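Notes to accompany the following structure.
First chain written, first letter: the chains are A, B, C and D, and each begins at residue 1.
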Amino acid sequence: MIEAYQAVVLVPYGSAVLLAALPGYRVGAIANVIASAATFAAGLWLLVSPQLIGDYAIVDEFNVVFVAINTLVGFTTALFSASYIGHEIDTGRLSPAFLRFYHAMFQAMMGSMNLALIANNIGLMWVGLELATLITVVMVGLYRTPQAIEAAWKYFILASVGISLAFFGTILIYLAGQPILGEGLPSMTWSLLQAAAVRMDPAILDLAFIFLLIGYGTKVGLAPLHAWLPDAHAEGPTPISAVLSGLLLNVALYALLRFKMLVAGQPAALDPGPIMIVMGLVSLVFAAFMLYQRRDIKRFFAYSSIEHMGLMVFAFGMGGPLANFAGLLHMAMHSLTKSSIFFAVGHVAQAKGTQRFAEIRGLSVTHPRLAVAFALAVLAIAGLPPFGVFASEFLILTTTFARQPWLALLPAFGLLVGFGALLLRLQDTIFGEPVGPAHRVDASSVPMVLHLLLVLTAGLYLPPMLVGWFRRAAELLG
Amino acid sequence: MTRDLVVQFLAQGAQMFLVLLLAPLAVGVTRRVKARLTRRRGAPLIQGYLDIAKLLRKESVLAESASWLFRTAPYLIFALTRVAAALVPSFASGLMFNWAADVVALVALLGAARALLALAGMDVGTSFGGIGSSREMMIATLAEPAMMLIVLTLAIAAGTTRLPGVADYFISEPLAVRVSLALSLGALVIVALAENARIPVDNPITHLELTMVHEAMVLEYSGRHLALIEAASMLKLTLYLSLLICLFAPFGMAPASAGLVGWLVGLVAWTAKLLLGAALLGVWEVSIAKMRVFRLPDFVGVAFVFAFIAILLAYLSSGDIG
Amino acid sequence: MLALYASGAALAVLAGAAGLAILARGALRLVYPLAALAALALGAVDLHVLLTGDVLTGSLPIGLPTIGLRLRLDSLSAFFGVVINGGVLAVSVYGLGLDREKDLTPRVEPLFPLFAAAMNLVLLADDAYGFLFSWELMSLSSWALVVARHTDPESRRASHLYLVMAVIGTTALLFAFGGLAGPAGGYSFDTIRAHAAQPAIAALVLASALIGCGSKGGLIPLHAWLPLAHPAAPSHVSALMSGVMTKVAIYGFVRIAFDLLGPPAWWWALPPIVLGAITAVLGLLYAVLDRDLKRVLAYSTIENVGVIFVALGLALAFRANGFTQGAAVALTAALLHVLNHSWFKSLLFLGAGAVLHATGRRDLDGLGGLIRTMPRTAIFFLVGALAISALPPLNGFVSEWLLFQSVLAGPMLPQASLRFAVPAIGAMLALAAALAAACFVRVYGTAFLGRPRTVEAARAHDVPLAQQVAMGALALLCILGGLLGAPLASVLAPLVRTFSGGMLPASGSGPTPFSLVAFDSARSVYDAAVIALFVTIASLVTLVVVHRVSERRTRRGPAWDCGFPDPSPATQYTASSFAQPLRRVYGTVVFGARETVTMPPPGDRSAASLQVTLVDYSWRAFYAAPGAAVLRLAERLNMLQFLTIRRYLVLMFAALVILLSIAAVTT
Amino acid sequence: MKIAYEISHLLAGIMLVASFALLYQQRVGAVINAFAAQSITLALAVAWAAWSEHRPDLFITAAIAFGLKGVVIPLALRRTVERLGIHREVEKVVGVGVALMVGLALIGLSQALVVKVTRGTMGLGRDELALALAIVLLGFLMMIVRRNAVTQVVGFMSMENGLILAATGAQGMPLVVEVSVAFSVLISLFVFAVFVFRIRERFDTIDIEALDRMRGDRR
């Protein structure tokens, strides 16, 4: 009998193989949706199924939520891409063969991410994450335009270096654990390592954490390791941008947090908090300023993703139940909101036939409904009520101010600078006299609306179950 | 009890009537003094009465562009000034109406009259009306802060802003001659000159267009309306004179519960002081020239400085600071 | 409890109206009737609470986990609720008169009830999250209203600045509540009340609160958005923003400084007093020099907010020194001014809206003579103008009088800094009052009096009945509020006692029930009713007498104008020329005003020209400079987008090596 | 056991020297040779570890290291170089001297870091860890001080040699073989990419400076 945690990995991998075999992109698209739905079901099943700490897999409050979000966004993205990608065929940007490849890769990527999430083995986690990364590299290059190839190439090189560094960190963790837990599997099993952290050698842990921070931080998109992120978002297919921002960054951060917990378990070791605070703030402020000069709408929102990852890393660096809770909440809210933004951007790009801000004007005149949805999504990511991001930013800023008033000024400054840019772009795109063509949009708006509804609900009411998970996860994070 | 009330009421009525009655005389005195000092015979003392009577006899000519506001304003202005005048203790303090408002309200009432006059000046839509109104309002912005500081000094000294209270305080200790009070007296005099459009702020007898302030506002008025405006400005002058008197030379003023005799004494004293003040005004006006409009800030600024110093001194004399 | 349900229902109605209007264009016309009904209900509940003084509390399982959404309607929120819903009611009635085809747009109507609901929610909220949630919702909905005329780049600029400033303010409030709640995160207000903050934290909280509420209320230098945003919105919305939303800002400050922050220290008083006084004077100087009718009104809003902050500051000072009666006088002054300003500012903005609707113009120099073309509006506007100029016996003067009384009591304060601040403050307030009179004489004189300067002004017509009713009601309130100042004050007495510890002498202590008494009747009394009575009697008597004794005949003729009248309306004094003396006296100091006259040489027939240049220093310092700095920095950093892969690797390598060296040196 | 340790230690040392050679070499050909030498040394080290610690699976890793990185890839790179006709010197960002100085500093850094590790707390000798760390850092340095794609690929591969060394050194670490396989796949991708881009002529040179012309958002 297959278990839920196995299902979330095996279903996508299986369907990846299947999709690779399926001819005809329409069928493939539908199959992709079905497979993602199945994975989503498995994710929900995982939510209700009991916790487990096995040799290879772990299921605790910390990662069930991630798996749930992962599978959910995977599902909605599949929905979106099913209605969206056909357009790419029509415009001749993709050939059916590539689309087949795309669908297979999509499932493989989902599987790898889930693998990284539920892995109790730091090696396995590494493998899953890097697999997902490499697949997205290929996806980014899908359009095979010079820009796409270059973005993929940049992504590929930076990511590979990150991979290597992360692996070195993993080796070091093993080295730290091996004398206590003995040779072999145990000293790579996360749960055991966590328990033994106190007796580990602080110096090695320091070394390990630094390599892991740089390695996985590259995938989180922390400045100055972020360079691949904007181009990858801008040049890849829109559904992939949604998945990158909504999921891959989260999974990388998840890995980072696991190791933070580990290092924090050894008081003698370097305190990861301040390092994460600094890197988070750097990313946050830097990305906020970078928003002003953007001309490409997808690259714009890619930078906003960097900004928000920075905020999360800052929050987790602050630590403590409240900040961790807020960080987790922000993580969930951001992946939902940002993916919905990329869906909306996909619509906009179809409506105006361009990704350049300069050619997008007066949407509220030509496409009122789309304009409203887009505006709501952007305002949501900007941290305005009644959306969930407001709740998380409220918690982060208030608790920071309560603990270190002057430190709180920096994230606030970054967010405000970013907000100025967001609002400027929002107004320019949806207001004013419309320019350029106004095509009909045939992509489905269900995923976008669904995400917005979820974020809205979270802003008004957080279900106790969710709160419970987050709270205990926050305790685990210390 | 009721008899008391009746007496009080009569006293109040008498006061209002007397102020109205004496106002033109005061103006006449000022003009006469000025005439004599400039080697002219000058108009008779009762000229003020004659002017008003003449104006009342004439028909009033309204500009086509004049609205209802233009016609109603004179009555309101006159009424407001008159009520304000009734608030100032003249020959007796603590008359039945004096309590109804304090200095702040008094200033505000005059301000209301001024605003109405300025509006009336703009109503017809001529350039001169505009000049007058804008300058009048500008001068007010200079005068009111100084006035506020004077009131503050009084409040510090006498512990009240009700005129009867202040008057009683100064009656009760007549020797309360303090530097701060002298200074605020100077300030109040300057403010009074500004408020009543006297030299050097404004020249009441000029009709040289560009130097007019008050006259420019009322340029379009004629007949009964003009009569009311003139009467109002005379009242205002009297009001300020008796304000100065009641604040800085209250001796002889009858206290709240004085009998008929006391009132008569007070009346005589007040009339004398009033006319003396008017005469002094005349002397002042011949001894100084009218200023250019944009030198006024300096002139009224002096009042402001006086009043401010007065307050600081009041703090000192009232003892501890901080 | 029932009342709470009632208000909940009313809020639901508002939300429903919004929803309807979003869904169906036909439903747009339902918005204003529903909004009016809801406002009526809410106002009734608030009034009930204010009069009975009982406190309604409730909580909903939404909002932050474990805290939930706490609701509380005490006398303070009830009072502000009365203010707000009064405004909303008037504006909704005004909205009934809007032209269904032309004026009702899906960009305005759906957001109007949302805006109203958000403002009410701010008052109801009893926990930090709920408060800030609805606060920000208020900003958001009003932002959408400001940008309703989105094709106009100016209004886009205004709305951008507005929302950015609003979010800055909200961030400041986030800090304030963060400091109040403490690291434990006790976000509900009763938890906050339970423990007072340490002085250091209190200082930070107060500063943040001042920034947060000041930026919403338009405290200089946080004001710049207000004169841009308020006029940009449709006029009835401007009325709501200026007359009502600024009061929500005041509410926030009162709630934090008088309620949540615990017993005050005397120095808390200084920032609000000083900033408020500066704001009062500068706001009006801006106003008297501006030529746009609605912008003038917006600037005068800034002034009034400044005045209110001065009063609040004085109340804090008195209360901190245990001089509760002074605190009571100052607080009453503040609250009454909140009420009065909401009335006459709404009235004036509605009047401006009527003018705009009738003539299509907002520039004062393009109007004139409206007193004949739209007589009713002219009367209402006149009442508003006189009231806002703080002239007796209208309502503006009541609060002004009380404020002056509290200033006059200032010398009793022990702290030297406060005692020496007091005279300066008093002088500045007096200056502000005089400037207000000048400003509104100017506005009324150029817009309504004189002769029409343009065809539009000449062709103007009065507005529909509903709008006249709205304005008339407000004008009536301005008059009644002036006459019944004392009874109003005694209604507020319990509320004032709760938050200042003292109260005014009971309304019986004065000579008549209408006489307003500060401290005691021997010190200072103001009896509006009696004065008004005497003025009326006096003017009637004068009328009768004069008509009896004088020549009755009245002839219409051309204006005299010293003998050479000019029929052209261009010869009238314009708003700019009216402002000239004030510009010469004050503008040269405050705005570095310079006039350059270019006079053609004799014989040259070309026109002479007068150039006036003003410099807005606060804009330069607080807006232009930082904005430019951000953009410049953004440009500098932008090169990081265009590095080569190798350089990115260098960055990565540098990060790695730096961290490693940190690890190497730390033991 | 002593001797086993000495030998593995010696081999690791040789690898480090090879890294320095990589940094030092001027010509592409020589760089490739140096890399081949390093890879073969790695193969020996791994094989020795497999033999001395009786972990036969490691022989696979050794074989891969020898076959792929010792022979195939160097040859492939040679052919590429000949094709592209870049026999000229590789233009560097900094001079050899500076590069060597930085390299020494990096070794010092890795020493300083490892010294803090209390002796005997791990399966791997401290100095061996230090060597691996140094090799990794030197590889990274190699990637950023050279402008030419081939040399950058080489830098990456020597970095990865360091990783494999550490991994095999860590006694009983699972998945080493799999990972080494994964890495070789990754590397082949690298080389392949260079090839592909060359063949497709999407980029007129493989000089990375020119490779990213558009660099995002310039449009």
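Note that a residue touches a chain if its C-beta (ideal position, glycine included) is under 8 Å from a C-beta of that chain, and two chains touch if they have at least 3 such contacts.
Worth saying up front: this structure is predicted, and the values here are computed from it rather than measured.
Among the other chains, the CA centroid farthest from that of chain D is the one of B. In this assembly, the C-alpha centroid of chain C lies 70 Å from the C-alpha centroid of chain D. Rounded to whole angstrom units, the spacing between the C-alpha centres of chain B and chain C is 35. Between chain B and chain D, the centres computed from C-alpha atoms are 99 Å apart.
We define each chain's centre as the mean of its Cα atoms; on that basis chain A and chain B are separated by 78 Å.
Under the contact definition stated at the top, the residues of chain A that touch 2 or more other chains are 153-154, 157, 161, 165, 203, 206-207, 230, 293. Chain C has residues 641, 643, 645, 649, 656, 660, 663 in contact with two or more other chains. Working note: touching chain pairs come out as A-C, A-D, B-C, C-D.
Against chain C, in their complex, chain B makes its touches with residues 56-65, 67-69, 75-76, 78-80, 82-83, 86, 97, 99-102, 104-105, 108-109, 111-112, 114-115, 118-119, 121-131, 133-135, 137-138, 140-149, 151-152, 155-156, 159-162, 165, 207, 209, 219-220, 222-224, 227-228, 293-294, 297, 304, 308, 311-312, 314-315, 318, 321-322. Those residues of chain A lying in contact with chain C across their complex are 153-154, 157-158, 161-162, 165, 203, 206-207, 210-211, 213-214, 218, 224-225, 227-228, 230, 270, 275, 286, 289-293, 320, 322, 362, 364, 379, 382, 384-386, 390-391, 394-395, 397-403, 405, 408, 412, 415-417, 419-420, 423-424, 427, 431-433, 459-462, 464, 467. Contact residues on chain D toward chain A in their complex (touch as defined above): 113-114, 116-118, 120-124, 129, 133, 136, 140, 143, 152, 156, 159-160, 162-163, 166-167, 170-175, 178-179, 182-183, 186, 189-190, 193, 197, 202, 211-217, 219. Those residues of chain A whose C-beta lies close enough to touch chain D in the complex are 123, 127, 130, 134, 146-147, 149-151, 153-154, 156-157, 160-161, 163-165, 167-168, 171, 174-176, 178-179, 182-185, 188, 201, 203-204, 206-207, 230-231, 234, 293-296, 299, 356. Against chain B, the residues of chain C that register as touching in their complex are 368-369, 371-372, 382, 386, 389-392, 397, 400-401, 404-405, 407-409, 411, 414-417, 419-420, 422-423, 426-431, 433-435, 437-438, 441-442, 444-446, 449-451, 511, 515, 521-527, 530-531, 534-536, 538-539, 542-543, 546, 549-551, 553-562, 565, 569, 571-573, 577-582, 584-586.
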